[in-house]
Amino acid sequence: MSDRNIRVEPVAGLAVEDQEVEIVERKGLGHPDSICDGIAEHVSQALAQTYLDRVGKVLHYNTDETQLVAGSAAPAYGGGEVLEPIYVLIVGRATQEYDGQKIPTETIALRAAREYVGENFPELEFGTDIVVDIRLGEGSGDLQDVFGEEERTVPSANDTSFGVGHAPLTETEEIVLDTERRLNGEYSDDHPELGEDIKVMGKRESDHIDVTVATALVDTYVDGLDEYREAVRNVREYVHDLATEYTDREVSVHVNTADDYDSGAIYLTHTGTSSEMGDDGSVGRGNRANGLITPNRSMSMEATSGKNPVNHIGKIYNLLSTEIARAVVEEVEGIREIRVRLLSQIGQPIDDPHVADATIVTEDGVSVADIEEEVTAIVDRELADVTGITERVIDGELSTF
Amino acid sequence: MSDRNIRVEPVAGLAVEDQEVEIVERKGLGHPDSICDGIAEHVSQALAQTYLDRVGKVLHYNTDETQLVAGSAAPAYGGGEVLEPIYVLIVGRATQEYDGQKIPTETIALRAAREYVGENFPELEFGTDIVVDIRLGEGSGDLQDVFGEEERTVPSANDTSFGVGHAPLTETEEIVLDTERRLNGEYSDDHPELGEDIKVMGKRESDHIDVTVATALVDTYVDGLDEYREAVRNVREYVHDLATEYTDREVSVHVNTADDYDSGAIYLTHTGTSSEMGDDGSVGRGNRANGLITPNRSMSMEATSGKNPVNHIGKIYNLLSTEIARAVVEEVEGIREIRVRLLSQIGQPIDDPHVADATIVTEDGVSVADIEEEVTAIVDRELADVTGITERVIDGELSTF
Amino acid sequence: MSDRNIRVEPVAGLAVEDQEVEIVERKGLGHPDSICDGIAEHVSQALAQTYLDRVGKVLHYNTDETQLVAGSAAPAYGGGEVLEPIYVLIVGRATQEYDGQKIPTETIALRAAREYVGENFPELEFGTDIVVDIRLGEGSGDLQDVFGEEERTVPSANDTSFGVGHAPLTETEEIVLDTERRLNGEYSDDHPELGEDIKVMGKRESDHIDVTVATALVDTYVDGLDEYREAVRNVREYVHDLATEYTDREVSVHVNTADDYDSGAIYLTHTGTSSEMGDDGSVGRGNRANGLITPNRSMSMEATSGKNPVNHIGKIYNLLSTEIARAVVEEVEGIREIRVRLLSQIGQPIDDPHVADATIVTEDGVSVADIEEEVTAIVDRELADVTGITERVIDGELSTF
Amino acid sequence: MSDRNIRVEPVAGLAVEDQEVEIVERKGLGHPDSICDGIAEHVSQALAQTYLDRVGKVLHYNTDETQLVAGSAAPAYGGGEVLEPIYVLIVGRATQEYDGQKIPTETIALRAAREYVGENFPELEFGTDIVVDIRLGEGSGDLQDVFGEEERTVPSANDTSFGVGHAPLTETEEIVLDTERRLNGEYSDDHPELGEDIKVMGKRESDHIDVTVATALVDTYVDGLDEYREAVRNVREYVHDLATEYTDREVSVHVNTADDYDSGAIYLTHTGTSSEMGDDGSVGRGNRANGLITPNRSMSMEATSGKNPVNHIGKIYNLLSTEIARAVVEEVEGIREIRVRLLSQIGQPIDDPHVADATIVTEDGVSVADIEEEVTAIVDRELADVTGITERVIDGELSTF
């Protein structure tokens, strides 16, 4: 066992699953904030990969500040049009020269943005429906040389920061997360009318779960109000079926509740996202690293997307603490809920946090003392493998929003 | 008593003050994220006030998306210079025409930004050290006519959203909050060398509190390393004295711990903010509505700054729930900690939330049942006066970050 | 005969062909200024065509202000890369709403820009190598309703302005014009190594013509210095052969004279244009409406590209005067050189200029009096058909730079 | 006498003063194109001066590409307001580091722009009425080290380019130039209602001169239509009186002829420039180096404003040829008109042009042969002092537009 400062404690409160009121939210792929998260993270991956390919290590960069300015559009049944493009400004810092070699950071970032938009938003034509501009300065430069492939040294924390993770997800959380993922996944394969801008809110009061879905529909695939209403009904049914896979509680599903069919105020778009018409967005304003906004749980304010995964502790510790929490509940019996917090110390190796703090709600008949050693070992093991997080982020295996 | 859905419940857990580990953070006035918060909120106030003055009601607007792109600078003892300006893009929506009358929304916003920068950042020359650009589109326009002075009707919620407030602050929270406020207040009056970019992190483990301050110093007022070190020492002493006003616990204060005097790597700036050199920022990424980042407490992800205070429920409910919590602990005996959550329903009057949910940790010998009625009455009274929040926001009386 | 104010006069000087020193320049398709001219004019055509298609008339617009900010690149034999993209800002005014109908002016403009770049600059990837942004405001709006298809009324001049045209071209002018056109045409079909940024300067002293060509080469198709030198030689030979088609005078051809093979300073690019590396550009700074810069001749300062071809007199009169001059020399015998100037009066129909002023150098044995009537009739006829210019511009039949 | 290639020749044509039709134009200080010229040139001076002060020589830079995007405004008698700011983008290249020393090129440029706007446009508040942004890249860097103070070596031409100058001005030219200068000078001192955006067009047909003035009036100083009309009348009288100082020909003066008092369409502005409302502008689109647009004379297309005055031959030769022409007519008797053209050769010292070509119309009784030697000597002398032009440009003594 290492001498890492790992603390395992019971919590005197209720697991979220057992609390009276629970609120959960997820901003889907096409929400303006998530578009920014996605572009920022994709740019980050591309930069990291390029640095590894060209100089064998990830140089200093940080691209967690993409800003989206909404456009304007005129959707119409059967196909409208964009009037003014969405404007996206990629902001950040990246090392542009290393050892005499120029790195085309802006070209890499713009290509990554184009690729991300192309893969995820088929209705958004890059360069005309969405104009992407870039301001990538040089950083302060004192944080380079941080991550070489051969050496595999553990970098030091760049800040005094904090990450937090939870496991397992509650039923409501599972439903909210999966609703968006499957709507934007298998469902949309057969339903091109579904836009990517899907916002899901789950509210549980005692044993009743309300799932509220706001989803942009794409005008090209909707020929009139009847088709629109049918599309909304289909989503409602799909989500209801989905929810019952996760819970025996009573579930009500509400889709596009702000619609007013009489006045014609419906959620019809040309591109599938509300950023075509007035909704701005930016990185770090939406989902936390586990894909959810969970006011019942401890959350970190750090934007995870776009940050350098080598030494940006706010990113690494949010992802790592979530991984640790999952590993513990998977491997240890008797845990109803675990929260893992990691607090860094600037300048210290990131595998040795100032404190790693696991608080646990056990199941009946289990005490924290029974499992403390087991949990500590897992936390220790995962911390030792912290650079694995970096690799999986660069490879795009870990979602950040 | 109204028939508002108000719930008052005990919490089975510990008050934050009694938990083993507590983490608190505040990004000061000159932190890049806070600069954005401040500009956005000041722009919002100016727009709201102008709408009231010109058309007698606050029209639809939302300016919660300011983006800051760092500049570059060459600080030097005795006075360096800015090399490339900080770039700020004010983003949002605002109604530009009402009843045939044009409202100069962009002019108002730019003047508000200039005023805010001028008042708060004396070292930042507007237009040269910091270039402020603007992209204020028109909104979807369906949310106008929301707030008239004469009628004083209660507007409807624009979204299904959520606000949360807490009281009282813990000792650590008080220390963190006040450290920044007084350093940027009375202390800086006598110490022009102190920049506005002050970040304070408080960590309490049991009965030991660590206060870590990172503060930019202004080169013009620092003639050499000796003066720099003295300035750092002065801050440390000042903060230590300040902390002892709030606690009997043991306090350690750390200032600019990343400095390395030997290599000359110190936190010296020309303008007093790290955004002069590589640190980008945006709205809603830093402090919550109560001025703090508190991972031990339930938090909302909503950006409060810059939002329309008339009907933007994310803003109103975060401010209101905080006010309610404060009122309750002030007026009711026996409360160790209260959390108030307000959940809106889109389309419903904002003084009638879907649920107002107060969870309380009582002091020994007091049960929630004893005080439930009293608490409910206060919550009810404050909800009835929800538009008072709007007015105080417009008047600049309520801080949003 | 109409009562238009047409004046035909002899000139007491020498035809340019007979002057001692003649200077002629052409900035080719890929010169930064010409890129802007081309985008601006293509945007203009697309807007005019859209207005005609949607509302039956060309509404008020003006897009003659595109600005290009150079990028940076790292060309290399066999294929380098772009480091920072070229940035293009399309600036102008366009009517965005007519009779309740929204016109997607920004979308149209961006698509036109994309189309133009795609067709003419195969090495420039739109959106990544070249970022195109747009700021299209509304105009003052008092100049709408100007050109309907049915009515075909003659619009009024929007300004007191001036256009000038000449014919025939001198030998040097023919050579300069055709050198660029054929290099960017048939020659580049077989020589992909030739970039589009070709600048041609012709200088004739008495009977010796120097043709100086500066042409960007594309790194992907040049494997080393030997290939580079061969490419340069090929251009020189091609241009020399071409020149002898037009003249019996002695011709010297110089290609990329600023190259220094020893130091490796050669004109190698990755994208075929110097705007990839430091050369900015904007509309109206390069070629006049006849495709040339001719300091020996009277020139107008008006930017022709991007202007509204319906009532923007600076555009129409430059094109029309050139057409008139060509028509006269084609149809009338005995003219060595003609200059046609058209001066508008604001508010008057554009087919009735304040003065149409033709000055002529006749061939030996011909007096202006002999041909005055004939010339006047042609000028009168062409003026009567002024709206034909507008149509040909919209159809893209008339080059503007 | 040097062995410079200087040619002095008679012209077989008429002096412009003796031609039948003459057209002259000047875009005043506040015309959008001139605003750009002025900012660009002021930025250039500031950069050159800073380089001299800091490193003892002018380093490579070029700032001749400022772009102005019009704002929108709501002028009103007694005082209106700006709705959307004018946006100015300063574009160019400048050396940002020399010999380890950082030069704050963007800060210098922005301060120069602020200073220029402040001094010349009192109604335009910098940063709010007019937002100035900047994109100053690094140049290709191969043209540095060009001009040291001690050594005073003559730099080499950076391009094959061309400059042209004329003297003396015709009566019409004098009137047009002085009308704008005195209106924007002594006249506006007593008439704050006069905006800086004054466009003057002179047309002479035989012995009748029409002077057409379009001048923006400032709403703050105009209380109603009567005052407006009086202001227009005052300008007309002033200009008429001014014109008679220069000519005995018949003069008609027209001011704001596009006004329509019945419909209220008048040239009233809030800031004194049309760029507040729809008129864009950029460098090099307006006046030539002598302050005029003169289609009767040979002109260069080069933008003079903003270019590096050390080795940018297009700038230097336009200014120098004008100075030479003036010197010749001042010192030599018997010249009715002289045109001086200077043609550079890339890579050659700029005091030794490929050809310096003076063409002269003599007065009756004087032949070119009589004065050739005298003229040649002056041309030679002025060429020898070419670097004097550079110094006077940096000191702001020579106007460029």
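Labels A, B, C and D are assigned to the chains in the order they are written; within every chain, residues are numbered from 1.
By definition in this document, a residue touches a chain if its C-beta (ideal position, glycine included) is under 8 Å from a C-beta of that chain, and two chains touch if they have at least 3 such contacts.
A quick note: this is a predicted structure, and the numbers were derived from the prediction, not measured.
J.: Count of steps on the shortest touching-chain route from subunit B to subunit C?
T.: Graph distance in the chain contact network comes out at 2.
J.: Tell me which chain's centre, taken as the mean of its C-alpha atoms, is farthest from subunit A.
T.: When every chain centre is compared against subunit A, the largest gap points to D.
J.: Could you grab the centroid distance between subunit B and subunit D? Build each centroid from C-alpha atoms only and quote it in angstrom.
T.: Chain centres of subunit B and subunit D, defined by C-alpha means, are spaced 51 Å apart.
J.: Hey, how far is the Cα centre of subunit A from the one of subunit D, in Å?
T.: 56
J.: Taking each chain's centre as the mean of its CA atoms, how far is subunit C from subunit D in angstrom?
T.: The separation of the two C-alpha centroids amounts to 24 Å.
J.: Give the residues of subunit C touching no fewer than two other chains, as numbers and ranges.
T.: 84, 87 - these are the residues of subunit C that touch more than one other chain.
J.: Please categorise the chain-chain contact pattern as a line, ring, star, complete graph or other.
T.: Contact map by chain: ring.
J.: Which of the chains touch, listed as pairs?
T.: Pairs satisfying the touch definition: A-B, A-C, B-D, C-D.
J.: Once bound in the complex, which stretches of subunit A touch subunit B?
T.: Answer in residue numbers: 7, 9, 11-14, 20-21, 23, 25, 62, 64-65, 67, 69-70, 72, 84, 87, 89, 91-93, 135, 137-140, 142, 160, 162, 164, 201, 203, 205, 212, 257-258, 265, 277-278, 280-286, 288, 293, 295-296, 298-301, 303, 341, 343, 346-347, 354-355, 357.
J.: Touching subunit D in the complex: which residues of subunit B?
T.: 74, 81-85, 87, 96, 102, 104-107, 110-111, 114, 126-129, 131-134
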